[in-house]
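Scrolling down, you'll hit the structures one after another.
Both complexes below contain subunit A, partnered by subunit B and then by subunit C.
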Partner chain A sequence: MNTAFERIAVSALALLASAVLFGLLLTFYAGVDPLEAYALMYQGAFGSWFSFQNTLTRAAPLILTALCTALPARLGLMIIGNEGALVAGGVAAAAAGVAVSGTTPLLAQLVMAAAAMAAGGAWIALAGGLRHYRGVNETISSLLLTYIAIALMNHFVEGPLRDPSSLNKPSTHPIGDANMIGAIGGTDVHWGLAFGIVACVLCYLVQRFTTFGFAMQVIGGNPKTARMMGLDVGRHVLVACGAGGAAAGLAGMVEVAAVHGKANASLAVGYGYAGILVSFLARHHPLAIIPVAILLGGIGASGGLLQRRLDLPDAAVVVLQGIIFVAILASETLYGRSWRWLWRIKAAEGR
Partner chain B sequence: MSADGGIGIWGVPLAMLAGAIRVSTPFIFVSLGECLTERSGRINLGLEGTLMMGAMSAYGTALLSGSPWLGVLVAALVGLLLGALHAGLCQLPKVNDIATGIGLMLFGTGLAFFLGKPYIQPKAPNLGAIDLGWWSSVPQVRQALQVNHLFIVGILLAVALAWALKNTRWGLIVRLAGESVDAALAIGASVGRVRLIATSVGGAFAGIGGAFLSLYYPGSWNEGLSSGQGLMAVALVIFARWDPIRCLWASLLFGAAGAVSPALQSIGVTQGYYLFSAAPYILTLALMIATCSPARSLRGAPGELGAVR
Partner chain C sequence: MIDRFTIGRRALLGGAASATALGLSAGARAQKPLVIGFIYVGPRDDYGYNQAHAEAAAVLKKMPGVKVVEEEKVPETVAVEKSMESMINLDGATLVFPTSFGYFDPHMLRMAAKYPKVQFRHCGGLWTAGKHPLNTGSYFGYIDEAQYLSGIVAGSTSKSGKLGFVAAKPIPQVLRNINAFTMGARSVNPNATCQAIFTGDWSLPVKEAEATNSMIAQGVDVVTCHVDSPKVVIETAERAGIYTCGYHTNQAKLAPKGYLTGAEWNWERIYVDFVETMKKGGAPGNFVRGGLKEGYVRTSAYGPAVSAAAKAKADAAKSGILNGSFAIYKGPLKDNKGNTVIAAGTSYVQTEPVLEGMNYLVEGVLGATS
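After this line comes the complex of A and B, so read on.
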């Protein structure tokens, strides 16, 4: 069985099915020619250098938050607190950035990144630790921690960290233009994309070529075997969850230091939840996360063009993303069965 | 502060009561729906999308037909369909119910915004309220006791669900499907069908909760209508330890916690009130930490519910 081919074939089938479903919705509800819409979407996502940069910018936080689900998934844990880790990281980065804003930009950026990764990492490591040492379900606790993080963010930006001059949208003090991390040379794409790609490659290398990565796989495959082998399961859980949370926290730092310039409610706009789905679509494979996030970023980036040219609601792209997610998740059921099914048809024909 | 009718500090508990009644109604419906679904052994994280679809379809129907109650009915039907979709997908082998729930949450909210675009401006008829505060002369009390019919329906539903789960054959089969698939199979029940029905009915409840949002309080349709009630329901059901009556109390508590910040703000407390909105989650987490141990999962949790194992 060619599993790589099967993986691509099943995913392509699911994408095709979603495109047909969304096309039907466009044709019969909105009265829009779906082929025209798809052509516009391609143009809006990848058609020009400008739109491709927009796509990449949107993909950056998705890559980082997806790692927050993908790394613990290797151990058999399902973390859905990505949004909370992102928010915790963003607030920590803003607080640290304001505190050291008088120093050199490089130092300030390093401190911000460290603070964000520590906060996000602690957030998810807490969920992992509770799972391992107390048996508290990590899926639910990480969801609860997300709400706690958002409430804490509201508390800090409305109270102790508030910039009195931010009237309509309470925010922290700005970290200062000099300390912003800016764009990758010659483009409009901020450095968050580079951080995300480096993080994914690092995770892949660790998972593929180190003892630690192999141990993660053993624990995820069979925790009892892992314990009999003498592996310290708790340590692996804490490290994997901490690293995943740190990636999501870094996404929060990038949102603060490359996009908004300060922390406010704009941090919690759903990158975390989208990251969960990116991780599932990539089947928790660190390298597959990159193209999946770029594809979804592209769909998001094309919303504006659809709205302007075809007068479609901007939520149209969210509907398409939702259909794709559901179709790909449902297509999991085909793995290992599609071949048998095809083979049976062939056998029937040969008879 | 001349508008406080001379009740001063008492305005805070009163506003909390009023807020608890108003804010908690969608919580009651969504949490009862989630409770029923989870008792049958499946988790539905997509109720946020169901809630938004319910809100949108109820508002659109009320606007086009002039009848808000028809809107509630349509919202329930839409919720039923979305619940059935979730159940049908999760029935397929190897499909993950948590991820599917999140996918359907995104799909539901997106579809609600997409189809609901034309309904943002016009004003649909409201569900109206029952005036239970007629005996009082204090305007705040009267205002606090303006209760919507759906709040009362929600209380009755909680009692009925608790009774049915405990005392009826149907309730027994739902609980069996949630506790032990083998036992359910042994008495000849089809676990798949039981979960399909429970998840669909749960979705219908969530749809009604959405109808309350768009047709009573806040009483309009827009994209910021829900503040995450659908996702919070998951926490709420755990806090209530899968008991419909406790879901009712927990909904009131979550509603009151949400209402405490504006109430404190109105008497001039401007610091720290956001922490109150985190209180329900901290309490739920503390409860989970206290009652879990590595050897044993949560007390009261359905045995087949993979998500809390």
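After this line comes the complex of A and C, so read on.
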């Protein structure tokens, strides 16, 4: 059976189910016309060029942070330390950017990206290494590493790296306007989106067409067999975790170099955690991450309009995200038997 | 920069087009209302910083010819830029209040450059003449004056002489409140101390409760705080049977027995004034500040536990602040490490820029800024 089609069909079904469920909640709990709400959501997320750019801008960091979960997932590792890698990358980028701010913008940007990817990569590789060499659960360790990363960020931003003129919002020195990476020509969307899409395509190509990618799949299937076959599991774990962390670190660099111009507590606003959600919704498939991130970006972009027009609380979109997450996870049980289920549903609808 | 401006204009055109479409679809309105956008960093009903703004926004909603749109829980990232832009493009907002401190730079400034016809007013003290555009501005209140009065009431009520202050971050604004509160308390009880605990962030309910509990265990019998939502601190203290002073807005409901008084914002005063100006076709002030005298801050009504003597002392200090005969920050003033921070004979008025960079805790505060 065509598994790609099955994947898309099952995911679409799950999305539809969550839309219906959310609509019921809107109707009976919030007393809002769900059709009006969905029309507003469409308007806020995709309805105009401005709205679509809003969606893409919000999707950009999610694409990069999602890779931090998706790549190690290929090896059967459950990494949820995306936020930590992003924060580590952001602080490293700001520190590097300030250090080389006097050079040419291109050089400064490259140095910032390299520093961010190295910091983020090392952060997640640490979790992967602990897992492989010391048997520490990588899910827990990567989550705890996030708290350490945020504490370190606060320490650096409020201490050694602090710009003394940032009185009430401690920040690093600015990297300088000239070194900012700006927006993709003709749009309002920063370059982080392009970085994310390129990274996803690269990851897909590596996973699909290289022996390294194939080895990842083998290790994910059964690490013991992989070891018996002579695969260096440790190296693959470190590289995959490092690459995932580097992607999240790059997201931190983009936040610094395209949005804030400096590092401060605004780095840790949950892009990393949202990335976990994106990766799971995309079933850890690098290419599927892109549309899923855009979908979640759209939900985020439309949240404001729901608040303003329908007086819904901010929690409304969080509830929708939660419903989608649960529906997608629950839909995993449909794989392999989805055809039977789909037929049944079709038959029921026909009645 | 040039590149950015061309994009801005294009987006502006698109925005204008969609705003027009929206206006048409909404039908022929009798008169175009003044649309005002409010953006909050946390929930609107947090019994704290955001609620103080939302309460004032609710007053604006009742004014004729005014439409208020609100968004809550908007992080200090590109998200707030998009929220402002969305309010301008889709709702037709011409006056925007991004109320959180971190919204100013670079987010609000970026939007102000892109939408020069929209007025942006930011809560905080960051606007500088000559440096920032004229369609932006900031407004703020000297709430440490109200904190000083809270301190007097707290110092008069405390039996142990130990006060507690749960604070978010050791930044000038927070330090100023802790210092004013402590000095107020020590003006009536020279032996009073104030334990300051920094939680590290604006909204960490668990740490705030822990800090409150640990201070209660040390014998502290009046606590106050400077975090986004005082709810947890006030409720924890009330449950333990000790006294509290509120912050941001009135929390008397949360602590009917132990609530003494509190330092509250009165943003309504500023917002109504701004909106009246806008309706007359003018632009709101760029640098608006004031304290008790201007009515931008106020104190909560005294709770049942406040003695007549305490009220009298606080009221006396208040009239001194109101008529300008009393200054909170005057020398000789020592920090809690023994260094002189304000020399004898020096007295600072509230507008003094030196106070904006406060980086010390005064004598009597137990705790450290780092």
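Quick note on the criterion: the second predicted complex is superposed on the first by the 338 of 351 C-alpha atoms of A that agree within 3 Å, B and C clash if a C-alpha of one lies under 4 Å from a C-alpha of the other, contacts with A are read in each partner's own complex, and residues count from 1 in each chain.
Here is the rule we go by: a contact is a pair of C-beta atoms (placed from the backbone, for glycine too) under 8 Å apart; a residue touches a chain by one contact, two chains touch by 3 or more.
What you see is a predicted model, and the numbers here were worked out from it, not measured in a lab.
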Side-by-side fit of subunit B and subunit C on subunit A, or clash: clash
Partner chain(s) touched by A:Gly159 [first = subunit B, second = subunit C, both, neither]: both
Which of subunit B and subunit C A:Tyr29 touches, first, second, both or neither: first
Which of subunit B and subunit C A:Thr187 touches, first, second, both or neither: second
Partner chain in contact with A:Leu202 - subunit B first, subunit C second, else both or neither: neither
Partner chain in contact with A:Val100 - subunit B first, subunit C second, else both or neither: neither
Partner chain in contact with A:Pro313 - subunit B first, subunit C second, else both or neither: both
Partner chain(s) touched by A:Val269 [first = subunit B, second = subunit C, both, neither]: second
Partner chain(s) touched by A:Leu130 [first = subunit B, second = subunit C, both, neither]: first
Region of subunit B that runs into subunit C when the structures are aligned on their shared chain, from 74-82, 182-190, 200-208 or 218-226: 218-226
Overlap of the subunit B and subunit C footprints on subunit A, listed as residue numbers: 154, 158-159, 313-314
Residue ranges of subunit A touching subunit C (in the complex, touch as defined): 43-44, 48-51, 53-54, 57-58, 154, 158-159, 167-170, 177, 182-183, 185-188, 190, 255, 259-261, 264-266, 269-270, 300-301, 304-305, 307-308, 313-314
Footprint of subunit B on subunit A - complex, ascending: 29, 78, 80, 130, 132-137, 139-141, 143-145, 147-148, 151-152, 154-155, 158-159, 273-274, 276-277, 280, 312-323, 325-326, 329-330, 332-333, 335
Complex contact set, residues of subunit B against subunit A: 45, 49, 89, 92-96, 98-100, 102-115, 117, 223, 228, 231-232, 234-235, 238, 271-272, 274-275, 277-278, 281-282, 284-285, 288-289, 292-298, 307-309
Subunit C residues touching subunit A - in the complex, by the definition given at the top: 1, 3-4, 7, 10-11, 14-15, 18, 43, 69-79, 82-83, 85-87, 89-91, 101-102, 106, 124, 169-173, 200-201, 356-357, 370
